[in-house]
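Look for chain A in each of the two complexes below; its partner is chain B in the first and chain C in the second.
For the complex of A and B:
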């Protein structure tokens, strides 16, 4: 916000150039998590599933299923396992098919229990 | 397209009041793709948007309203909000589709002239917060034929802008190619470190 203000005062233009050029203020947006599959085992996957308030996560055998459409980017999974979950920094999430938003994360340390 | 959570709910064809078209063959498929491209080219120059709140907490509406603010200024891209569904090309649906809104949703969708687009906006409309029960359908695609899904709680105005540009095919969809996996600490994940590529026309 202060950046926009300064730019607006300097040049008289406050409007973003977004689709033509990347928008820098997007870096501050809350974004869905990215998962470090190597450090997630089945037990941690179940813990992350339990901590998610919007049913965006569930475990299917040795894979963690992440539904980006259901994610509210609340950050609870990052709080629960900061070594394994990081913000993806991705805000351009529009999809033309609902199935494109369901991601399968193969757990390297995950065995079926 | 995933099946809506509401199993006993009307299918999209019932809402639009039209019979389901026969499965297209190769030639028809090609014609459909050409027609779709032509429609999107027309919409890309001027698109009128009607918003429909089906029980959202109104934060999605706040973000949609921000699109008209000087910083985002969606009018520069040829998008406009219209107060009447009869003037609208695109329906932006927010909220978990409460059942009390069934009549309003049907009337709004039917009042829009074709061809029309439906954008499900926010985690509620994508089935995130509420499960289908006696009060809500749980997601927009249980009731309406959704063309573009915009995740987020709420989606930021930039995410909404990208969703609208994807709906009119001025930006290509990005999320299908992302894995949401991160590398080892210190190494940025592939596909997440690169800055957003604009392909606007």
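For the complex of A and C:
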């Protein structure tokens, strides 16, 4: 046991002082998408809705509704339309209300169907 | 009828003779034979006597319930599937011949309402007690509810039942232990695993293979690659599709990375169970480094999103693997070497939770748990998927069957995984997906997950959508050995150590 004590002391602290210092390894993690509203029309919104396996997306008239709380950051929407959907880089998703996790993206391109 | 070559005595060819069965399909490492219900018992006797390993048993609904048994034919290096349409609500008591069938007999009763003849009590396995007529199930509700397999609270005057769970310590899956004890020694132990049932097989019905892969990753998150590879391989076998060679290499790299981080996590759990906090921290540092290697190589710490039906969705980053893996594995090796030289740690592992080779065979155990009992089964060698035929792993086997033997098997495998990853990278791992035709078919797939052989079987309709998906992760098999291991001269405080050495998931078995 003294050897394990010495081993622990020798190794020291390896955890990050987060959030005082950013955790660099988080940069490589998959993050929920960010949508470029100007590049998304109703047809593309419907396509994105269809490829989302966790039902985090649906279209409501001229808006794409994105429920971040349902998103698993699987990347399927980004693969389907890389010109319109990019990784947000945002992984700190805590909110004080469930409703704050639901975002409305107004579709600027194309007509509502 | 297609000629079968080679034909060792006692297996497929002689089975057809014994049962009057019909060869349905032969190819892709699996052969399917139709066996009439009246000859099913004779077929199981014949195969069990010939040394075939009963790997799975499941049913599918239709005009008649179809019963399928999956056998590992090690001499022939392939699987045999017998399928039997049941004309009635009963079938022969298969677990009387092959005891490994019992859990599946219970599961089939819960889901389809058909049962073995003889009226033996069948336990509740996956569906919760409140599963009424409207509860989603794959077939029909049984006429009588399954029973709870537990002892009364007072057993034999001195022993009593100590209920533990399903909510246990922080971060541990829901699992109910019924511990029957006379004070400290474990007299009996039973488990309730249905708290985590999510109906994943039911949810896959009507879905495309691509949609099902997303669900399969969540059956047992710690075996995301193993389970999804088995499902993808089943779909590919059903449709006659071959993934690109570079994608097959990528699958194997991801699977070996999954094995590495799981074995590191098991080592950390063993340290926690033995109260060695610094050892736990050392193993968890190695685990964290391995997870970061996963993220750098494949974009996900737990390797989700790698496997796709027909190939892979991501290729590994060779520089990240070549740069990060040696140091991460070195960290694991240093922690393991120090632990193996620590008497207080070794004393807790040695002769704890012993299983014999006979128990492992009888219960149909797989993976490191079986190999630590001297049972040399590894689907990477016995029925090798494409990349492993050219890059075979070194079989890690120990004889003692205790916790220490299981740990040594895992450490040997971790070392071999690092070697394999290097060779697979050199061979040219890459990305690519073969297109999937939208046609009818059925097929079996398998992969050697960190916990052992993961099996999947799918049936597809004319549009290529899933009519029945059977997922059998290794956890489904190995939990049935846990109570035997816990009973073998152990005390309460040994249970977390035994559980860590099995390194199973409840999610995988309840799915």
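As a working rule, the second predicted complex is superposed on the first by the 99 of 113 C-alpha atoms of A that agree within 3 Å, B and C clash if a C-alpha of one lies under 4 Å from a C-alpha of the other, contacts with A are read in each partner's own complex, and residues count from 1 in each chain.
By our rule, contacts are C-beta pairs under 8 Å (C-beta built on N, C-alpha and C of every residue); 3 or more make two chains touch, one makes a residue touch a chain.
Small disclaimer: the values here were computed from a predicted structure and weren't measured.
In the superposed model, A:60 lies in contact with neither chain B nor chain C. By the touch criterion stated above, A:75 is placed in contact with chain C alone, chain B being left untouched. In the superposed model, A:29 lies in contact with both chain B and chain C. In the superposition on chain A, A:95 contacts chain B only, with no contact to chain C.
In the overlay built on the shared chain, the residue A:21 is in contact with chain B alone; chain C does not reach it.
After overlaying the two complexes on the shared chain, residue contacts for A:86 are found with chain B alone; chain C is out of touch. Note on chain A: of its two partners chain C and chain B, the one contacting more of its residues is B. In the superposition on the C-alpha atoms of chain A, the part of chain A touched by chain B in one complex and by chain C in the other spans residues 4, 14, 29, 54, 72, 74. Listed in rising order, the residues of chain A touching chain C in the complex are 1, 3-5, 7-8, 11, 14, 25, 28-30, 53-54, 72, 74-75, 79. Within the complex formed with chain A, the residues of chain B that make contact are 1-2, 70-73, 76-77, 123, 126-129, 131, 141, 146-153, 155-156, 158-159, 161-163, 165-167, 170-171, 173-176, 178-185, 189, 192-193, 195-200.
Here chain C touches chain A in the complex through residues 211, 214-215, 276-279, 281-282, 285, 292, 295-296, 299-301, 304-305, 313, 338, 342, 344, going by the rule given at the top.
By the touch criterion given at the top, residues 4, 14-16, 18-23, 26, 29, 32-38, 54-56, 66-74, 83, 85-86, 88-103, 105 of chain A touch chain B in their complex.
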